[in-house]
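Next come two complexes built around subunit A: one with subunit B, the other with subunit C.
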Partner chain A sequence: MSAAPDKRPTPKGKGTKGAAPAAAAGAAATAVAGAALCLTEENLGKLVAEIVAGGTRLVAPAREPQAGVGGSADYRYISSAAELAFGDSLPRMSLKGFFLPQSEVLFKWHRKGADVEIEAVPTEFPPQIVLGARPCDTAALEIVDQVMDWGLRDELWFGRRDATTIFNLSCPVEDASCFCHAVGLNPDATRAADGMLTPVPGGYLVETCTEKGAALIEGHKALFESGDTGAAAQRSKAAAQYRADARAKVAADLQIDTTRIKEWVGDHFDDDFWTALGPRCNGCAACASVCPTCHCFDIVDEPEGVGHGARRRNWDTCQTGVFTLHASGHNPRADQNSRFRQRVNHKFFIYPSRFGEVLCTGCGRCSRVCPEGQDLAEVLACIDELARA
Partner chain B sequence: MNVYQPHLMNVVAVIDETPDTRTLRLQFKDPEVAAAFAFKAGQFGEYSVFGAGESTFCMASSPTRPEFIEASFKLAGKVTNELRQLNVGDTMGFRGPYGNTFPLEQWEGKNVVFIAGGIGLAPVRCVIWNVLDLRDKFGDVTIVYGARSVADLVYKRELEEWAGRSDVKLVTTVDPGGETPDWKGEVGFVTPVVEKTAPSADNAVVVLCGPPIVVKMTLPVLAKLGFADDQVYTTLENRMKCGIGKCGRCNIGPVYVCKDGPVFTAAQLKALPAEY
Partner chain C sequence: MKELRDLARKLLADGDAGVVIGWEEGRRGARPAFITTPDDADKLIFDARCVHNLANYLNPRKPQVKALGKPAVVVKGCDAKAVAGLLREAQLTRDRVILIGVRCGGVVQTPEMPAELTEATVATRCYGCDVREPKLVDHLVGDAQPEPPVTAALDRRIAELDALSPQERWQFWTGQLAKCTRCHACRQACPLCHCERCITDKTQPQWIESSSHLRGNFAWHLTRAQHLAGRCVGCGECERACPVGIPLSLINRKLQLVVKDLFDYTVTDDPEVPAPIGAYAVDDRQEFIE
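For the complex of A and B:
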């Protein structure tokens, strides 16, 4: 393949990232209120057991029991601490599905002759607890809250949001695909979280951020130790070191200015940059599935027998051709270039224009799963360079 | 309240407009919902057949006639095919009204020019009746409407009614070859007929709706006639699912057609990328 006709930056695909530029100044420290307590590994197991015994659904990074050595962790409803996989890599999928299920019944209908009866679904949900959420996945929920609360409120989304208590796991940082720092987060961010666990020798430093978080601790008080002053100080020091290490890793990574990117993307709807990227997208939708902030959906009717069925909303994505296809056959986004452009546009121009922040938490999942090597971090780096030029 | 759960409506009349276009007249089953329901010209709804799904149509009836709502649709896909199977007395679903509106209050005292092609008369018809039902508040009313053939003209009885009114100037046209021996209207595409009709841009607004080609070709003609881009209104149709700004489907550049539209001025349209 010939080189680009000009010297404009063009993404080469995954694995070609250059040397990391010098680290930017550290992001502002995460404010965590509440007393710092300790949860030992042993007591974490007891906490899981108590929550499960109490009948509350518990979500945590866990490995499928049958997965074996090669299996990766995923957020799952768990029933025992043996399933926990806090130390594994980033869960395969984000937390999105616990709030916006991949397929969700909106209501059911029953035909009675020419008449129809609607069977409503509840918009209130039983409580659930998430332990060990990655900060990028939790923050995504609050970002998506904005569109779900825009105009008419999405009660199904907020019903689940209200019913959920989330404790983050301060992130050790995964790999070169991560770029949370570049989009205003950091590995120990507590945005949208009710509390956070930070690994320290022998267990976790536990901090709470909300009343919901404090209530969870209060309900299992005996498991959380404050210990003597010396031990507490040591724990705090270990936690601070853990976080500083994690921050240093991401701070040295992608260096972009999302404001500059927003302006460039907004001003360059028609640009060769997109034309070059389109061919490297299969439209397979893997990126949108794993994305914690991609929230687009389809609404379809599914008969469940004669005369009755359900209207469902299913995850959908702007990366497929049928997404915008009119019944007439006309398609405003007829090629993959325009569909990939829409993905970048929505995340880095449309959402910031509407809601004041990017629709991305830098989890890097889209880059990791892309079968074609499309690397969003690299795409952003190129746009940033174009914007600076 | 689950925003995705539709209200139930009764089909109270089925009107065949053309061989492939039909109008359904609908009434809410629940009198309380009917009493609380209100909409304005330009808005749209999500109409559903249980088992087939939802489709987006403008309100084709006027808010000045609140005893029912009407939707006109052309047979095109899965939902419209199922809508065609409905008979009087059948039940369907409706969510809405959604979207922005034509600023009729701002148009009071002005001349109003309506230009429509094909099924594009459906959203325009809503505004036409709205204006005609408040006739004293507006100046001259001109309607230019064209379809592929005489058989493809929608709302034929209403076209006759408008033709018979002294306070309406109606020009109808069919594409060359689409005329019948007794056709008395114009023969030609909508755009040249607009040029020939030459409505005055003075103290006037235009409501333009039709297939993309009609809108695209007519905009320069209106400019030539002296209409500024903010005097020309149109309504966009993009594929939608939720209708309420969540499902991410109807973006045109930064615009959500369902929330920022469907009504746009030509000036707004020109500022958008041509992704519609």
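For the complex of A and C:
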């Protein structure tokens, strides 16, 4: 295990454009520094209890309280360790909703005679902690930071980013639709994370990678054991094995070169490839809902009574016809072929051209959720092959 | 399978069809396939994992499918009901589509599941299926299939919900609909959601708020339910497409039961039988104006 620190700051000012390419950034982000401590299962429960008792909001993968459909966990605000579902499959939705809620108020307005009074919303948020985030979901936040700080800094996004401390759960790799390694990450990446938990027998190996992460440990010091040297060495060995297994598993899934893909996509806007892909897609946009990096939003004004209302922003997606429908009735993306092309184009050509890295962390959710079997990993493999030819 | 592939090959080779829409093997189970050359006909498959309602691709507002030419679509009995719906509602004319019926012994809940049908894996919609051999077809392929295992899970759940107090039911649906992200995957997956402009996309005026707060979510799902009453074929594609797991089939099945009770109507694959939403009878029940 390397001990190189990973202290990539959240981009604050301008001048963050054209950051390092994804591959390089992702590779470095897998290293974890800081003392390797142990958190037993029992102490994890106590940690949850202490955080909740202290009044800090806590997000973790947890099951739906009322038994619904499906058996996977979602990231939720939890109030007891009993709700934790670390062992469940990948949460159905990504973490993005805790930073870009699916619907949020930008401001409220009240009409006073001929004037309109604007009521601002707070842009500072109380602290929140995420325990057990998947590395692909956490890394996505830092990728999206770039567009959220592009010319205009999104106060609501960064307000929540600054207020949040994230501990990843080193990922066992969900299934063959995972391809994080192919887009420069790894199942044990700590990009944008403040620390990471790696499952070891009886508990978790705990590592920190930022001051925020260290502060969280410091605040609950009694729960984290360093143990004797022998036990620590054994834990490190178990954790290293766990990670190596996960890396080997995901590496088998997809072999592509994102630079080559970027060039091909940029040069083949009118290729027949897109018309062969579009028909299957029914435009349901479930892919964009579950995607950790899709961040487009729509802005609407909604009256909430006579003379007052709210301006909200809501998740939106390029997979629908209305996304690009002009007031004239003309639609530059008039069919699903062009909409699906847009999705691939934005993630693998436009975003890397603008910000130096792909807008995808390889979580595979889009492939899992697609009711029609559209498969991004397969699409990327096809493009890679076309690009090589 | 050979019968299906040979037929598809012939339809494409003779120029009768521009595209055969059926199922193929994907990396996550069966998935829709668009076969445009006779050589690709061997990609076609049919088994219990072929859950998708391919009638959705006959929606006239899908230019990317239209561009492929006259479609020959493989339909299970339940899919044929959706085709009948499109014919009934003048979204399609019978001569513009070739229907290849497959005899069906039931499907599993999701295309990633193994093809083995058990009480635990069979799709809830197969319960009480009356179209295991589709009638609305130009060609019928496949051998007669055994009856699928019986699962009345959906009706049991509806009975449970009906037994709750209105407050408890409200709480249940509030919990479910709070999850909705308003991606409208349910609408896109629905073969009968074919409006030129969906009411939730209209902004002048904005009838339904697009925000995913409870008010907007209830407005959307209630409107959609009303609009599908007596039209929904119960294929369950909306529920399968929902990325947050809202049990939409409970709403749709309940509506089927209500429509049956009020209008003695069950969705049929006969396009000549009018649906209650498009028909008027002098003896329609009208207690609501008493």
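Everything below uses one rule, namely that the second predicted complex is superposed on the first by the 357 of 389 C-alpha atoms of A that agree within 3 Å, B and C clash if a C-alpha of one lies under 4 Å from a C-alpha of the other, contacts with A are read in each partner's own complex, and residues count from 1 in each chain.
The working rule: a residue touches a chain if its C-beta (ideal position, glycine included) is under 8 Å from a C-beta of that chain, and two chains touch if they have at least 3 such contacts.
Quick caveat, the model's predicted, so the values are computed rather than measured.
Model built by superposing both complexes on subunit A: subunit B and subunit C fit together without a clash. By the document's definition of touching, neither partner reaches A:A214: not subunit B, not subunit C. Once the two complexes are laid over each other on the shared chain, residue contacts for A:D375 go to subunit C alone; subunit B is not touched. Contacts of A:V290 after superposition on the shared chain: subunit C is touched, whereas subunit B is not. In the superposed pair of complexes, A:F349 makes contact with subunit B only, with no contact to subunit C. By the touch criterion defined above, A:A163 reaches neither subunit B nor subunit C.
Shared-chain residue A:D298: touches subunit B and subunit C both. By the touch criterion defined above, A:V52 reaches neither subunit B nor subunit C.
Closest C-alpha contact of subunit B with subunit C, superposed model: 5 Å. On subunit A, the patch touched by subunit B and the patch touched by subunit C overlap at residues 298, 300.
Note for the complex: subunit A touches subunit B at residues 106-107, 109, 111, 114-116, 118, 120-121, 123, 147-148, 150-156, 266, 269-270, 295-301, 303, 309, 311, 313, 316, 318, 323-328, 330, 332-333, 338, 342, 345-346, 349-350, 353-354.
The touching residues of subunit A, when paired with subunit C in their complex, are 64-66, 68-70, 92-93, 102-103, 176-177, 275-276, 278-280, 282-286, 288-290, 298, 300, 302, 312, 314-315, 317, 320, 322, 334-337, 367-369, 371-375, 377-378. Residue ranges on subunit C touching subunit A, taken from their complex, read 19, 26-34, 52, 56-57, 62-65, 67-68, 111, 172, 175-176, 181-189, 201, 206, 209-213, 216, 237, 239-247. On the subunit B side of its complex with subunit A, the touching residues are 1-6, 8, 48, 50-55, 76-77, 80, 89-91, 93, 212, 237-239, 241-242, 244-249, 251-254, 259, 273, 275-276.
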